[in-house]
Amino acid sequence: MDFFIELVVSALLLMGGIFVLLGSIGLLKMPDFYMRLHTPTKATTLGMGAILVACMLLTSYRSGGVSAHELLITIFLFITAPVSAMMLAKTALHLKVKIKKGSRNRDLAETAKHREPPSHAE
Amino acid sequence: MHILFPMPWQSIVLFTVWLLLNESIAPGHLVLAAFLAIGIPQLLRGTQDHPFRIQKPMLAVMYALKVLGDIVSANFEVAVQVLGPSKRLQPGFLAIPLDITGDFPITLLASTISLTPGTVSAEVSSDQKWLYVHALHLVDETASIREIKKRYEQPLKEIFGC
Amino acid sequence: MELIYALCVGVLTTCGIFLTLRGRTFPVVMGLTMLSYAVNLFLFSSGRLVVNGAAILGTTEQYADPLPQALVLTAIVIGFAMTAYAVILAMRARADLGNDHVDGSEKALDMQMKEKLK
Amino acid sequence: MMQHLPILPVLIPMLVAVLMLLPPFSTTLNRQRAISFVGVIATLAVSIQLILIADSGIINIYQLGNWQAPFGIVLIADRLSSLMILLTMVLAFGALLYGVAADDRTGMFFYPLFMFQLMGINGAFLTGDIFNLFVFFEVLLLASYALVVHGGGKQKTLASVHYVTLNLIGSALFLFALGIMYGVLGTLNIADMAVKVRTLSGADKLLAQVGGMMLLLVFGLKSAMFPLHFWLSRTYSSVSAPVAALFAIMTKVGIYSILRIFTVVFGDHAGELANLAGAWLWPIAILTIAIGAIGALASQTLRMLVSNLVIVSVGTMLCALAINTPESAAAALYYLIHSTLITGAMFLLADAIAEQRGKVLDRFARSRRMCQSLPLGIAFSLAAVSMIGLPPFSGFLGKVMILQTAVEPSEIAWAWSAILIASLMGVIAMSRGGSTMFWRVGGEPNFCEMLPTVKLVAVFFLLAMSPLLVIFGGQITEFTTQTATQIYQQAENPHMLLPSLNTKGG
Amino acid sequence: MKLFAVLLLPLLGSLVPLFAARFNRTVCAWLTAIAPAIALGIVLSLSPQLLNGEVFAYAVDWVPAAGLELSVRLDGLAFLFLLLILGIGLLIILYARYYLSQKDSIGRFFAYLMLFMTAMVGIVASGNLLQMWFFWELTSISSFLLISFWSDRTEARKGARMALTVTGAGGLALLAGVILIGQVVGSYDLQKVLSSGDLIRESHQYPYILVLVLLGAFTKSAQFPFHFWLPNAMAAPTPVSAYLHSATMVKAGIFLMARFYPVLSGTDMWFMIVSITGLCTLLVGAYIALFKHDLKGLLAYSTISHLGLITLLLGMDTRMAAVAAIFHIINHATFKASLFMAAGIIDHESGSRDMRQLNGLWKYMPYTATLAIIAASSMAGVPLLNGFLSKEMFFTETLDQGTLGSLSWAIPVLATIGAAFSVAYSLRFMHDVFFNGEPVNLPKTPHEPPRYMKLPVEILVACCLAVGMLPGLVVLDLLNAASSATLQGNVPEYNLAIWHGFNIPLLMSALAMVGGLIIYYNRKKLFHFQGQFPEPDSKLVFEAWVQALVRAASAVHGWIENGSLQRYLAIFLLMTFAVSVVPLMQLQETAGLRSQLPLDYASGTAAVLLMLAAFATIIWHRQRLISLLMLSVVGLIVSVAFTRFSAPDLALTQLAVEVVTVILLMLALFFLPKRTPKESAPRRLVRDISISALVGGIVGTVNYALMTRPLESISDFFVANSKTGGGGTNVVNVILVDFRGFDTFGEITVLGIAALGIYKLIVRMRLYMPSGDEFGRHWSTDSHPMVLSTISQMLLPLALLVSVYIFLRGHNEPGGGFIAGLITAVAIIQQYIANGVEWMKERISLNYQALIGSGLLIAFVTGAGSFVFDRPFLTSWFDYFKWPWVGKFELASAMMFDLGVYLTVVGATMMILANLGKLTTSERVDTRELENL
Amino acid sequence: MLMICLIAATAMVIIAMTLNLITMFVGPDQPDRILALDTMYINSIALILLFGLIMGTSLYFEAALLIAMLGFVSTAALCKYLLRGDIIE
């Protein structure tokens, strides 16, 4: 196998694995929900992207053609992940989950919950 | 034309996706793809409440690439934040005043913000004038807002002309 | 691999049955769902476990037994129909009987528990 | 079309049911009634044709998709399945006739579900493939779930919760059993299973034994054998009348399956697994009779009483199956025919009686006099005498034949005492109940709502089968004897059911 | 044919009154009488041969499999009984016409009566034991109807039930006895059985046969201790009592003993059981009869006593005793029937049957009194009457036997005492009713009955006199014929003279007469003595027993079937464990010889995750949402496992189904309590955990044992024929739509039915919607978040595209109609979630029911299409086509079938979910208080 | 090297899934659990793709695609449930 492709694929795979793992570590480690929300939305999505690209490269190489359908999953994840995150944030606002002490603009959470403009806007 | 392609962008996407799915540009698939690209939008006529028009396609591509880059670079930042002690983080909420209008552009902006580092969109105010965002490490509130507006909202406003 | 597979099937069966033995309709439905997972895995494995042998002609040398797979597919669909019916029936029971106990009344409460509650 | 005859009892009800989901039939009840009758009568005609063919000794094997057994699914129209189909359709005709009078308006989809139920039952009787049997079990079960709640009401809902849950566990068990059978035998065709079971030994034999016993429980649950009978009385006594009548065949699906599988696959010729069920069937049969008899005595309503007598009848048939000879199987089949039709009639009758007794319904309590106590009384005495197995109606004949087939002293001791004592309990319970309902009456009814004639016609249609079964007892027992003989021949030589044809006709 | 006529005529006769009831009662009676009269004529026409000892037998097959024949067999014994049944039956018809009142339905009465007559004729004229039993039980049923004729009277209903229960029980015992005889002899043919006496007596079943047959006989003939039903059967109209309870039905038991006399008698067991039972019955009946103030009660107990006497005779070890028994059957029938009728007349004309009220009736009805006194004298055994003759024979035989060995002397002594009581109650009947002062408070002033009501009594009394005075002329031939039929051999020499000279039997008679007079003279003291004992009303006692039985049954039933689903499930599961554990215990090695797959860490970890999630599901089962989330994890990992083990189709299906299920569960959870209350005690938990673990252990063990053993399966065929025969490379899909398409056909039907059933459940569902969550928080006001709605709408066409993709490739690669259908359904559901029901209704209006219907119809038509080509249902067809420029492509009937699957799946899933969703579009009601947590 | 990286990536993904399950256990709130489930869905896509790469087949691609689609639907439904109770209204 072409060493270069192997190298790239390996690197992508490792990167993907690491980001996926990081996303999940962050999910467990972060002190409040909103902070936990960040890591899977970003890290996991990126990790997935990396793995999918590796997948694409490797499959294309192995089959000798162009394998691009993994791209679909990637696009799909990039479209849906932020929406999921937003829905979750919305849910968290609604349920008034605990916000880490010392967070800034904690009052905005209440305003956001009611979908009102921030108080300083009036 | 409008009858055949009520939503041209949708048809293009469907056409492309079909070929991607089948990983083939064989004539048979092209025919099938064309058929589906016409047929499905016809079938779903009226189910798209948020029509949009892309005024500047090239800019859109640029925007996508920029966001992609931001995602990659930003993630390393997040990696550090995750691995490092979280006590040092200073999270907080932001309320970003919106200049763009329309469901689709706002959705796109919110999604971009969520994907890019440090911020997650949380809620849109019911009048669609404010976007609430949670930031993982909020140092300068106004600077962050300005950065977001400039980096993401502005291009979107141009792309969709809204 | 077979051992841990069987272990999983056993555990799923155990948990599914435990839930179906509860006194409320919702856990019972959950238990039935869980049990159907166990059943599907069990039926599936009656063709023995094969790795990388999907029964698509031309993709591999050693094919996994396709027949149990077809059976499981049928079983999944039927299981879905059954579960769906059970779920709605649970709702209907709640509507008709006023509570979600499987016997339609809470008087069938465990005797010991009753004493305890006193 | 003649060679497609075996599949028509499945296809006709299905087609009728499906058409009723679509316009123009989905819109009016009258059209649904009409097409349902057309469907049932057509299927009845087919079943008569089937039994005529079967009576000439031909086993009609229908290879679906033109795939050769054991690879494809086959339908087997032999004497036994043809008999069961005919029985089902006669019962269905009566139930449908009764249903037309009122019950079709008390809930949705009565006719489609009724026809789907028939499809499931007929399919279960015809199929020669064990997994396909599972599928048709599910068809008939789901249709029955939906029919149980037909008409609505707390009792039905509650009965349904129990019925559905127990049967869901039963379905899971069925699949476990199928997994084991396939895992050991590598085949699903019943005849092929029979061929392969003979060669088993060692661990394979033990595993197949587990699978076989699980199958027994699955069929036992359907047939309401002790201790899996708990669903029966509450379900049967709360569902609407035509549904209950149709359900009379449901327990028989279990009995049929036990007869088929535990004769052909696990029968006398099953090598080390010969007579697998025998040791268990005896105590189960006796206890089933006992619990049914006890339940009959404890019953406070006619429908409850009939339900418990159904359990007794199940135990009686299981006794015959436990004896496990062609003669006992023949006797069981005769008894099965009788029991199905009379149970069906009795449930219809119970509903008619309940309708005329005001709010007392079918409870054994003092009430006003029935408006039509004469026809109902005649019907009741006929049904009651038949049901508890006294002459001159069909109940006694089946019972006598089952008693006759017990030959071993221990068989005689157990089976006879159980069956005869249960009969006595039946006599006590039925005479108490009947005399209370018909004779312990106070005052004339203040208003008189006559039953629709068609309801009485339905009741008497099914009831008339009982004397006919006695009058033509010779011919019918001749047929059941040949049926049983055929089943035992299949057990001896399963290759009868495995024709070697070309793999694909093209 | 003549013979069958004897049997069929009464049967036809039972239909006559149903039609004749419209005429007046006399006509009805006459019409009814025609059939039995002809039958009697036929019997009499055969009398020369029958009296000569000839046997008429004719049989046709009825149910050969059961050994049941339609047979008639007439011999001397049958002849005797037929005369009694038909002759007295005719008299009863005449009598009943006057006895029954206007408001009684005479048609119904005669119909029952004739039915009963048919049954009796059937018993005595039967040449097949099963047929005999058939009619035996028919007598129980018809007598039930007759006794309960006045069904509005409690005692009639209870008496009838008691009679039915006791005689029915006896009948069942008889059935067992008959079948045993049939098994020993190998036939139910009476002639064969009668000639197999030794075979039966020597078989080891003999004791059982004897006891069972005698149980039948004793219950029917009201022998002690089964005698109690007879007095209570007196609630019947008197013609019934006269017919059934004196002349015929109770004699059926005697007939049975006589019939089986050649087969069953002759052993010590027979003698002991029969004679002691007879003796006890004789004494008990005679004693109690004296104390009955009710005329019919007295007669009933006297009947019991006389039946005991006959039984005793049959139980004695001399052949002559049997002859005496037969003789007494005749005599008892005549005098007792006439006495009953006389009692009926008295009751009818005076309105009372109580002997404390009835006094001095001689003045009012001297003619009837004369008849009654003659009959009662016969009963007492007064010379010149028939009762005397048979009683003398009885006494003779008591002296002649050695049944009880050295205690045999007791029999004559006790017989004499019994006879004395018999004289006493006969005296009471005569004296207390017709003399003994004036009537007390009678409801009516008594007078003679109508002319023809007396006629039957006159005829019977004439018989008593004729037999009593001219026995040799009147009855000798008949007695001989009946006796020889009973004994199946020569009748011993005997002399039917009125006068045998001074001998011991005569002395015994005299002693009995004197004793009877003394007893009756001292009756006041005896009544007083007897009055000290509480008189148990057997009706109440019996009813109490039945009640106790019912209560016990209810208790046992309630204990077993306590209405708890949890218990039923537990029993079911334990049963499963029980049947599986037996073979598994014999399994030496769990693991087989098949080489196992190596365990990789990823699979191992996934398995651990699966198990953890499963445990978490049950640990959190009381917090339902969390439990549901855990269940989703289980489903997810199961899907992943399917990909790991080479089942892509399964993975796809499992995933799709799982999501739909979770959505469904969430929809349901909205209406259900959000938490499960803690209601299982620790012991219950331990029980449940044990059951679950036992069954789970079995399943796991079996699974392991299976997987580690090699398998020879039919699957190679599918792999080999998938492409060539089915036209697809995805073998699983080809199996689904072709090899085993019929399964799929059933499967989609199941789905369709489920949807219909669910719709049925939903339509009538009345559920309150919670206005807030489990913590009482109000719901969010944003019903359809803009971002979700936007993205969902955008994804809809893509999802449809994917489902088309999955659909089209199914035949060759993972996918197919079912998965495609689920994807489409999920895409639509997503729109429901994101945009709401209203939005969907405006934009996509699909008739889901029609969708299911057309899906199933397409599958059906595809399958049935092969009929056109004369192939079996679902025979598939495929071919490759070339289209210029586009290229080669395949068309297959399987795709059409798959389309049917697709439509059904979409229709069914949407019908379930969308309708469930619509439930909530109605007004929200605040019902937080309903949520009891 | 490729195989090692594949196995390493698989290991990391499976560890990530384990962590997700732990998150689901510890919560503390319902959104946390849903988020963890959502992440688990995505991680399982990675797992399936990696399995495919290791085995050298792309037969499981559709499964991965489907998880991506269905995971989203499931998460949206769960959030909707917590927000509104009624997911289809």
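Structure notes:
When the chains are written out, they are named A, B, C, D, E and F in that same order, and each has its own residue count from 1.
The rule is simple: a contact is a pair of C-beta atoms (placed from the backbone, for glycine too) under 8 Å apart; a residue touches a chain by one contact, two chains touch by 3 or more.
Since the model is a prediction, treat every value here as computed from it, not as a measurement.
Counted as hops between touching chains, the shortest connection from chain E to chain F is 1.
The minimal number of chain-to-chain contact steps leading from chain A to chain E is 1. Comparing chain C-alpha centroids with the centroid of the full set of protein C-alpha atoms picks out D as the closest. Among the other chains, the CA centroid farthest from that of chain D is the one of B.
Ranked by separation of Cα centres from chain F, the top chain is E.
In terms of C-beta pairs in contact, the better-connected of the chain pairs C-F and B-E is B-E.
Remark: chain A and chain D have CA centroids separated by 58 Å (rounded to whole angstrom). For the pair chain B and chain F, the distance between C-alpha centroids works out to 22 Å. If you average the Cα atoms of chain A and of chain F, the two centres end up 12 Å apart. Chain centres here are Cα averages; for chain C and chain D they lie 28 Å apart. Among the residues of chain B, those touching two or more other chains are numbered 17, 21-22, 107, 110-111, 124, 126.
Annotation for chain F: residues 10-11, 15, 17, 30, 34, 56, 59, 65, 69, 76, 80, 82-83 touch two or more other chains. Among all residues of chain C, those that touch two or more other chains are 20, 25, 38, 40, 42, 45-47, 51-52, 54, 56, 67, 71, 74, 78-79, 81-82, 85, 89-90, 92, 102-103.
Two chains count as a pair here when they touch; such pairs are A-B, A-E, A-F, B-E, C-D, C-E, C-F, D-E, E-F.
Within the complex formed with chain A, the chain E residues making contact are 777, 780-782, 785, 787-788, 791, 794-795, 798.
Residue ranges on chain C touching chain D, taken from their complex, read 20, 25, 28, 32, 35-36, 38-40, 42-43, 45-47, 67-68, 71, 74-75, 78-79, 81-82, 85-86, 89-90, 92-93, 96-97, 102-104.
Partner chain A is touched in their complex by these residues of chain B: 17, 20-23, 71-72, 74-75, 78-79, 82-83, 86, 89-95, 97, 107, 110-118, 120-127, 129-130, 132, 134, 136, 138, 141. Within the complex formed with chain E, the chain A residues making contact are 76, 79-80, 83, 86-87, 90, 94-95, 114-115.
Those residues of chain A that touch chain F in the shared complex are 1, 6-7, 9-11, 13-14, 16-18, 20-21, 23-25, 27-28, 33, 36-37, 40, 44-45, 47-48, 51-52, 54-55, 58-59, 62, 67, 69-70, 72-73, 76-77, 80-81, 83-84, 87-88, 90-92, 94-95, 97-98.
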